[in-house]
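Heads up, the next two complexes both have chain A, just with different partners, chain B and then chain C.
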Partner chain A sequence: MSQNYLRTDLTTWEIGPYHGALPVPMRLKLQLDGEVIAHAEVETGFLHRGLEKACELHPWKSLVSYADHLDPEGAVFGEIVLTNAVEEIFGIPVPERAQCIRVILCELTRISSHLAYIVRMAKMAGSETIIHYVLRDRERVLDLFELLTGARFSINFLRYGGVRFDVTEGFIERVLELCELIRIRIKEYNDVFTYNHSFIKRSANIAPLSKELIRHCGITGPNARASGVCFDLRKTYYGKAYDRVEFEVPVGVGALGVVGDVHDRFIVRLKEVSQSIEILKQLVETIPSGEYCNLVDNKISRAIRGEAVSRVESSRGLLSCYVLADGKDTPARVQFTTSSMFNVKLIPYLISGVRIEDLPVVLASLDLSVAEADK
Partner chain B sequence: MNTQGTWIVSWFDLVGLPKDLPHWVYTLVSLVCVYLFVVIPSAVLMSYLDRKLTADLQARIGPNRAGYAGVLQSIADFLKLLQKEPQFKWGLRENLWLVSHTMALYSTLAVLPLGSLALLVDTEMSAFLPFWATLVLALGTMLLGLTQASVPGWFGGIRVAAQTLAGSFPALIALVCAGVRAGSFKWSSLVHSQSFALWGWAAISNPFQTVAFFVFIISGLVILAIPPLDGGLSQSDIHGGVSSYLHGRRLSLFQMGRLYGFFFWCLITVVLFLGGWNLPESLVSHLREGESWIMLSFLELTCLLIKTFFLMLVVTWVARVNTRVRVDQITDFSWKVLSPFSLVALMGASLWAGWRAL
Partner chain C sequence: MDKNIILSKLNKEFPTLKFETHRFGRSEVDSVWVESQNLLKVIEFLKFEPELNMEFLENLNVSEIDQVLVLSYFLTSSYVFSEVPFSKSIVLRTSLVLPDGESMVSGFSVSHILTNADVFEDEVGELFGIRFESKLNKDLKIKRNLLPKGLRGFPLRKSYKMGSVVVDPQIKKSKSEAGQ
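Entry: the complex of A and B
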């Protein structure tokens, strides 16, 4: 940010919880120096639903539907992180086919979530046309959810020991069709939006995220990878079905501006969509036969007490879940740690020195989910 | 009677109105007629075409409920806005703004060039009058923004003023280029110096005029804050700036004003650079010999409006596929790119005109 601007008295501007510049409900208290943000404070909690407490009050079997609401856009990530932890405590084995179906769902959700991200970015940057194109394609992803699970959102599909149903007839073919469609459409998005000069002017060199800040705030996921921090749980930790496929982890290189700017964050997500397509293509072609759910050995035993932490790479970053079982019908403690909690902490650092016209674009570029942060 | 009066009377002869009325009655009736029969139908048609073509571009259907294929959608929207209750109580300053805004905007109706027989004001200064209106409009909008005592209002108002100032300089220079070519700033002379054929248009006659044409149309978008250069009015951070406090009737008036501004700017661009209302020479002489004045003015107006609508649609098309530009980028672009180009165009156009006069 250029420092050679005219300095004026600071103006206070409070916006939120609902405002056109905010992609999610939150409150921002800004100190403005002319049109430049000098200081910012963030207040969240407007979407607090007591999700973790609700988990403690309900029987084990009902938990999946609560975890599903952790992040409405990435429902399956909440489900998978919870079921992984519970399965670990109770020693429930998951058949290979079920693991594969779970990962297919994860990657479809990642595509859907990243497409929604493009929509939010385009809306905030004021480019209307691309919104309709992307939403049209995202509907195709939601169609696949409906085909497999019967619901477009809040799929409530995972069970301890596997998934609720086996893959529907024609699902595999439709996934392959979708992969081909999205591959073509990404080129279209690039032509219309990503490399449009006016969008580059709005996003390149804006609000770069440094590696120091990433370490300081604990940022993970595409936001960290856009700044060159190559950390992806799918490669390093969660190997259940991902070890069967070959894929790359895209990182930001600052092709059009500096490393980790808004444009890098955008491009990394687009590249992740391409990688998800590669993963899906490989997975659906080699999906193993067998049981879709461990129906014999999936009982929650009261005799077992224990705790477990599980982690997955959600579309927004690292998502972890801690579960404590103390021999009752309900869990003693369920705690989710989400990437959006840390992304929210990042906002005051990131938007200081940014013009208020860029505020909506910068906030949208972080891919915040307040549902996930407020829980 | 002065030239202005002569034009009004000659225009009135066409519709057979009595000649012994006071001049102000002529003027008033003619302004109302232009507004009712040219401006409003054009606005309705353009907003429909804009919405329908944009919908096609964006893979959706667009208006399809009000009337056949949604043709009455603009009217339905207008009627809906009329019914809405105001959300904020307006004081004297806001009402004063509304009056000055409306007066500044619609005072340009008097100078609207609509054909060789439909020129209300055709003086040496005619082509400059629209600038007065746009500057007053920007000043009024800025003052309204400042009185709103809110961040969207302040920034909205100041951004509009900054854009208008930045856009006015290159637009004025580009206008002078057109005047240099025609040797006058009268609407009639500007159009008369061009012809119906494509190679007779000012914008195509020489490269400097082509540059001037592009500078003029783009700086018009800057002055009037028309998409995609509408950062001052539509940026999502300030909820639309000044217009964020407008509701119902006032909002419809404001929107109608913006649409009229866009229409008006495209119309004068066509008159200055794209051949205006010129028809084929043989057709004009045939109509003049046959004294078919009504047919002549109708055809001229149709020709002019078709070009204007086409230009508006091209601008809309560009706006739809591009991201909204930030205000400081707009003003930068205007001062650092459009202004130098306009000055080069002026120098070139002057040399060209001098060389042709030798």
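Entry: the complex of A and C
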């Protein structure tokens, strides 16, 4: 038990499911010892949409648009993890150019998702200025999605064997422009917010996440990396277009507090934006020529039965998809496993011992997506 | 490391058990069928054997095939304290026969061995109607209510009929008052 406890009579607070202090819909039942959270219970499930059941009821070609809705902020990751699994089952080859376009979209999505994270953190920490600065820049990323896919969210862009369109004229130049812009803006974010003393007071030494707890709950992604766990699927597993580029995996070092605290979780994501910029710069300059989609050999054959699991490193951590084909027009089973499922499990452990005024910042620092946890 | 080391260690540790082995899909990972009453001791061995250290449950998948629920445990080596994560992986499979009608079926919980298993067990338990007996400390457990009150059946079973949602009379009344 933390030494912060005052040993007063416990009071019970119930917050949610919809509340300004909560980044996502969930119900928290807290027992408070003075201002310190002594015990917490979490209730989720308010955003369950039956996504996996919907996938079982629709033909193979329609699935991509459902995978889009797994995590609205990171639609591409849902699409890519599903298409990879289906392509593995049916043996559909993906041209190199299409793989590169997919990775470009993944990295743009990672930047967009991390910028949205900064906005949520700034909102919870009470910094109005940075919210507008970051949203202004995020719009530029969404403009690029619109240019390439015709949509800002739910892009429905991937196809079995590639992508729906080739990169449009001027897209590569605009990606490079965006990279340069974000590189400059990160310095601005640092000046205004990251190293602002009021934010440091709200985030350094708050709610550190230990490696033991990461192991206990199965945490992956930036939350684990902020605690020094150097595990990134882009380096260890995924391969494909990521083999063509050089980049680093940022990990938390506890520069201003302790390793794995709220500030580390924030810093790691900011550094990941920088690394995504490096990846994008290298990829767009060396994008191979050729087909953007395998239009000849991309058929779903009813004669093939099989199963596959695919994995990607989404902006929130390990995202995997299991697909089972039993020779029908629809899949027999589609299952998504998301990092947010485990991040939710972490909450009662992490917020016990935290002061109530730090609760919004601690919850926002986990970058939860209840959409992908509840499915 | 030789990928067959997992199977050879399992055969050495459990000489009386017969493991039926297949390749998982097109991958190089082995899937091993285990009788449900032996599942716990096999998982325990894979986790605590120092050379294997397979403590990360990457996924617990349940699929219904011909009135049988197939439970697949995707186990892999630790990524937290390991320099080479995902170096060893295996899929353990066991099955549960579905009863007629809409009754629950009982399964073995592994959440006291694999600490992140409860997240999967809660979810598939609710959606497939499997009762996992958990030995975890309930105080810190997450409560997940994915299905609406009044829903009959288990949506991910093949026998589930769409449209079984019983709408809350309160919501129905307020909707009709609002002219919808």
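In the analysis below, the second predicted complex is superposed on the first by the 370 of 375 C-alpha atoms of A that agree within 3 Å, B and C clash if a C-alpha of one lies under 4 Å from a C-alpha of the other, contacts with A are read in each partner's own complex, and residues count from 1 in each chain.
Basically, contacts are C-beta pairs under 8 Å (C-beta built on N, C-alpha and C of every residue); 3 or more make two chains touch, one makes a residue touch a chain.
Treat the numbers as computed from the prediction; the structure is a model and nothing was measured.
Of the two partner chains placed by the overlay, only chain C lies in contact with A:Val42; chain B stays clear of it.
By the touch criterion defined above, A:Leu51 reaches neither chain B nor chain C.
With both structures placed on the common chain, the touch criterion links A:Ile80 to neither chain B nor chain C. When the shared chain is aligned, chain B comes close enough to touch A:Leu359, but chain C does not. With both structures placed on the common chain, the touch criterion links A:Val229 to chain C but leaves chain B unconnected.
Touching more residues of chain A than its counterpart among chain B and chain C is C.
In the superposition on chain A, A:Ala308 makes contact with chain C only, not with chain B.
By the touch criterion defined above, A:Val24 lies against neither chain B nor chain C after alignment on the C-alpha atoms of chain A. Contact with neither chain B nor chain C is seen for A:Val245 once the two complexes are overlaid on the shared chain. In the superposed model, A:Ile267 makes contact with neither chain B nor chain C. By the touch rule above, chain C contacts chain A in their complex via residues 24-27, 55-59, 61, 63-65, 72, 74, 78-81, 84-86, 115-116, 118-120, 123, 127, 139-147, 155-156, 160, 162.
Partner chain B is touched in their complex by these residues of chain A: 11, 13, 19-21, 32, 35, 122-129, 131-133, 136, 192-193, 196, 198-199, 201-202, 355-360. Taken together, the chain B residues at the contact with chain A in this complex read 54, 57-60, 151, 155, 228, 231, 234-239, 320-329.
Here chain A touches chain C in the complex through residues 39, 41-46, 48, 50, 52-53, 56-57, 88-89, 91, 211, 214-218, 220, 224, 229, 231, 236-237, 306-309, 318, 320, 322, 324, 326, 332-333, 335, 337, 341-342, 344-345, 347-349, 374, going by the rule given at the top.
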